[in-house]
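Listed below are the structures to be examined.
Look at the two complexes coming up: chain A is in both, with chain B in one and chain C in the other.
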Partner chain A sequence: MHGFEFYVDPSRCIGCQSCVNACGECGTHRGVSMIHLDYFDREWTTAATPMVCMHCDDPTCAQVCPADAIKKGEDGVVRSALKPRCIACSNCVLACPFGVPKMQVEMELMMKCDMCYDRTSVGLRPMCATVCPSQALMYVTPAEAARLRRDTPSNTFHFGNQTVETKVFMYLPQGEEALEVDVIHDMWRPEQ
Partner chain B sequence: MSENKGGCPKEQRLWREEFSVSSSEQSYVERRQFGKFLVLTSGAMFAGQVWLMAKDWMSKTKTIVWPRKAVALVNDLTVGAAKVFQYPGPNDNCLLVRVSEAKYVAYSQKCTHLSCAVIYSAEKKVLECPCHNGYFSIEDGHVIQGPPPRPLPKVELELRGGQLIATGISVFGEGEEH
Partner chain C sequence: MAIPPLPVEELIRLYGPSLKYSPPGGWTQSSAHSDDKLVKTHCCFCGQQCGLQLRVRSNEVIGFEPWDEFPFNHGMLCPKGVKRYLQGSHPDRLLDPLIRTAGGFRKAGWDEALRTTADRLRDIQLKHGPDSVAVLGGASLISEKSYLLGKFARVALGTRHIDYNGRLCMVSAGTAYKLALGVDRNPNPWSDIPEAQVVLVAGSNVAECFPITTDYLWRMRDNGGKLIIVDPRRTPISRNADLYLPVKPGMDVALFAGILHVVLREGLEDREFITHHTTGFDEVAEYVKQWDPRRTAEATGVPPESIEKAAMWFGTAERAMALHARGIEHHSHGVENVLSLVNLCLATGNIGRKGAGPNMITGQGNGQGGREHGQKCDQLPGQRHIEDPAAREYIAKVWGVTPESLPHAGLTAMEIFEAIHRGEIKGLLSICFNPLVSLPDAGYIREALNKLEFFGIIDFFLSETAHHADVVLAGSLQEEEEGIVCSGEGRVIKINKAVDPPGNARGDSRIIVDLAHHLGKGEYFQFPSTREIFAELRVASKGGTADYSGITWERLEKEMGLFWPVPSEDHPGTPRLFEGGHFKHPDGKAHFLVAEVKPGGDPLDGEYPLHLTTGRVVSQFLSGTQTRRIGPLVDQYPEPKVEIHPQLAAKHGIVNGDLVTVTSRRSSVTLPAMVVRTIRPDTVFIPYHWPGRRSANNLTHRTLDPRSKIPEYKNSACRIAKAEMPAGMKSNGELNVLGGR
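Then we have the complex of A and B:
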């Protein structure tokens, strides 16, 4: 849909799994959900975050694909792997900094979120955004997003030395312009 | 990753453009690329034609020395019978036909259409290719009817001491080649 953007607001996610199930009910990939719902540390927090494909400007998944199976359209949407080309090597699964692509081993095909291309191209909102009860996933115009939220969304992420700019926006903690992700630091647990 | 594209080594740039991540970039053909394609393909076709012409000219100027090979004895065949023999190489099947009491002819057995084996039809006195109903004259090998585009190569025979000897191959309409 022209002029509409996708916004993810992890702070509003209640972990209800609506998006996961709605995605799996889509007619084009029935039964296979392409959205990730991540729980951080269930022992300490109820926080959860939905992870859709961020549709990077320079998609790492497509750059590492040896079979040229992942393509970015003129609208900036990075499509799911092309069935005749995908060789199920899982390069994209390992390379994506957001961990979005999923390997469907029984189908020998990588499937990932393509922003409901069948729906958004005919003027419908993506499945997940239509069902999210807390508006953690929104598909609205930037003007509408600015009216609904005080925070400013960002689409710049730093993974170590790699800077990734995306089509999908994410609401970050106030005052942050870009998300710094240091995986090693976040995974580090001092010996107990 | 974004800065990698411009900074990638020169030899990588072409395939990065050819196999671009962006579907619109992938199908984009530059004017220079298209011109290069036209010049190179037409150049290759021209070179191929020149090569074929040179090959044809070389084969015309070269005199082929045909081997002599005893094919059969005169009394081996009854009138109207045919016999397969190999000439000039061990894989080149030819057909020897006794047309009348004193007349023997031999032709390559490979039909000039799709290389089926031709057979002799004694009642019609023609060489017949059963695959697509091609007919060749028994006199000189020219095509009487059917799909074959060229006459059947004729094996020259020589009768010496009751033995038939193959001495060369000629094609109807092309003059003597041996």
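Then we have the complex of A and C:
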């Protein structure tokens, strides 16, 4: 879908796994879910965050692939490994700074999020961003994103000395002095 | 004696729940061929009623596709909506009627099953009177079936006892809104939520039970609005709350009285609105005088400064909304809880405007529509009261019977089971209800079921309750009949048929019509299809509160639903109620009603010092009859766990993953501990979707709200103790991230 961009806002995620379930319903890889959903520390918080492929400008996964199996299309979308080339070495799985690629051992193939290019090429939004009930995953034009959200999207990430520019945008959290998550903190404590 | 014919393990082996993971034909097959059709319809689960499309091939549902254009959810779905299609073509599906024998259930033909059901119910009635038989319905049924079931009970069986599982859901809210506002409907369309400046969400785990509402709340915050969450647990929706009030279970009235106290102290009430559009304000103002922030804090555990802040935000906002769900309604004073929240809205003039109003979040798919047209024990179609002589006369005329022949108000769902237990009700016909899992005090419900002389059930899977049935009539899934539902917004929408019932299973409406014929009342049930039932429903609702007479199936599809009342075919529908301050009482005003703080029905003491509260998880729905059969949803949260604060856990030497025995005055349940800081240390939580020894409802109690007759699921007294791990089972000491959430 021309002019549309993918936005991730981890602060909106409610950990419901709609994206996980819907990703596995996508036509090109039905039955296999590519999206990651992480719960940080359930003792302390209900917070969760989804992770799609960020589709790097200069993909680390492709850089480290000894078989030259990972290609980026003109649309900026980094594809899953090419079946005839992939040697299932897992270099990409280990090297990706976002931890995105998954090795499908049975298929001897690295598969990952391809931003549903089969859907976007026919005018449909990616499956996960369509169903996401909290719109932590959103697929809209930049103008629409600016109209809808207060926060600032960013697509530049620093990993040590490596700076990675991505196609996908991530919303930065709003500044908070301290995050208190223990119910006791919010309860009334009578003065001693 | 309706006692299960086989041990439960054997019934599970034969009839499930078994887990289905992939569509008919498997993943590869289902992707390789194109679909026969995409059917625009709605999810079969909660009251949000998200629009979606079912993919159909060779009379089987093989997948889903989002429906972007439907205005409520724009393609958004929760995991239940994504995987709902897997209930189709399920190996557990009942394909024939079953009749209980000494050694199990045997397949039967329709004629035998229907004749046996009709004869046995009629025999009991001849011997013990018409009211010795009861009918139970459910709020997942399309409105055509709900209407038909109400007419069936009153005309074909002639019993006054018909009620439905919405008794566990919307009745506290409905009763309070009728008392205060004169009508039982949610006042605002959901599109109002992002327009509000403050939204207070009370007793609603929105992110797990009504996930789509999350986006509405986040958008409200993006527009600069503030979110206040009232809940003993920090559920996922509270992660972005601007204010979190961790209320003590059962103390909601005190909290809302305390907030109103500050609003009035600060002079933030809307005097003009109160004077012109309400009655009873002075009595409420007098009552809340005693609830100063300090006293409110002592009662609720919410800090005085948080009470002040909530009051200042709510009181100074031009547009404030208060959303509430079962958390405040499942109490023996559930009606008072809702009234006290409505009082806060009325006092601040927050009603009848865009982005302003009290709003109930409906739990079940047709929770709203299912109670409007006749399966509620005190209502006739159109939300008419059954004791209103004019209503009786009108409906009797539509049905072609005399007003005198119409039974009067009957017992509510829980009271029906008490009457069964006492031996007064001896025959039961049930559809779309799994009371053995969903009603409180499961041991008592089991005893009652065992006492029935005859139990007939219409079901698509053999639910735990159906284990007790004499006759099981193999019915239909939501996607197998055409009709309407009314969503939580008050929007009437169209449910489209995707496939025919498989095997010898039949549409529920046909089964009920056929039973009426077998009871010799066929002349009143001339319905070849649900279309003719809807035509009669329209006429029956005409002139009533819930007037559907201007609704046609065609309009619903074209206009993406219509908000009732719709009194004529050129009427645009009524998305927002009470505009201009016009209320539905004869005096046209809203009524303030004093809601007093009252103790619950199962008080804490030294032996039972903790609150037990129950609720849902995102991947399961109600008693799990459907969702415990869908593999990916089960994997997401495979078994119930007890949520315990680490402070409480430490007192009992419990670490995460330990087995914990929770004991109430009824029974004990042993489950793994989930040690989390997201719950008050004086409260434990167990989700209720599971049957048998793991059922949270073994622990809950049967106290009802005296007006709404809702059970008090949200506050039972209990104690906990660490349990021994059975041999061979070892605590992993940490949560399995995907499975253990």
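Everything below uses one rule, namely that the second predicted complex is superposed on the first by the 173 of 192 C-alpha atoms of A that agree within 3 Å, B and C clash if a C-alpha of one lies under 4 Å from a C-alpha of the other, contacts with A are read in each partner's own complex, and residues count from 1 in each chain.
Just so it is clear, a residue touches a chain if its C-beta (ideal position, glycine included) is under 8 Å from a C-beta of that chain, and two chains touch if they have at least 3 such contacts.
None of the values given here were measured: they were computed from a predicted structure.
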Partner chain in contact with A:R42 - chain B first, chain C second, else both or neither: second
Chain B versus chain C as contact partner of A:Q63, first or second or both or neither: first
Touching partner for A:M1 - first (chain B), second (chain C), both, neither: neither
Partner chain(s) touched by A:S11 [first = chain B, second = chain C, both, neither]: second
Which of chain B and chain C A:E165 touches, first, second, both or neither: first
Superposed model, chain A: greater residue contact from chain B or chain C: C
A:V131 touches, of chain B and chain C: first, second, both or neither? second
Partner chain(s) touched by A:I87 [first = chain B, second = chain C, both, neither]: neither
In the complex, chain A residues that touch chain C: 11-12, 14-18, 20-22, 24-25, 27, 30-31, 38-39, 42-48, 124-125, 127, 130-135, 148-150, 181-184, 186-190
Of chain C, residues touching chain A in the complex: 22, 27-28, 30-31, 63-64, 66, 68, 75-79, 81-83, 207-208, 211-212, 214-215, 218-219, 222, 224, 233-240, 244-246, 297-298, 300-304, 306, 618-619, 632, 636, 645-647, 656, 674-681, 735, 737, 740-741
Interface residues, chain A side, partner chain B - complex: 56-60, 62-63, 68, 70-74, 162-165
Residues of chain B that touch chain A when the two form their complex: 1-2, 4-5, 19, 21-24, 26
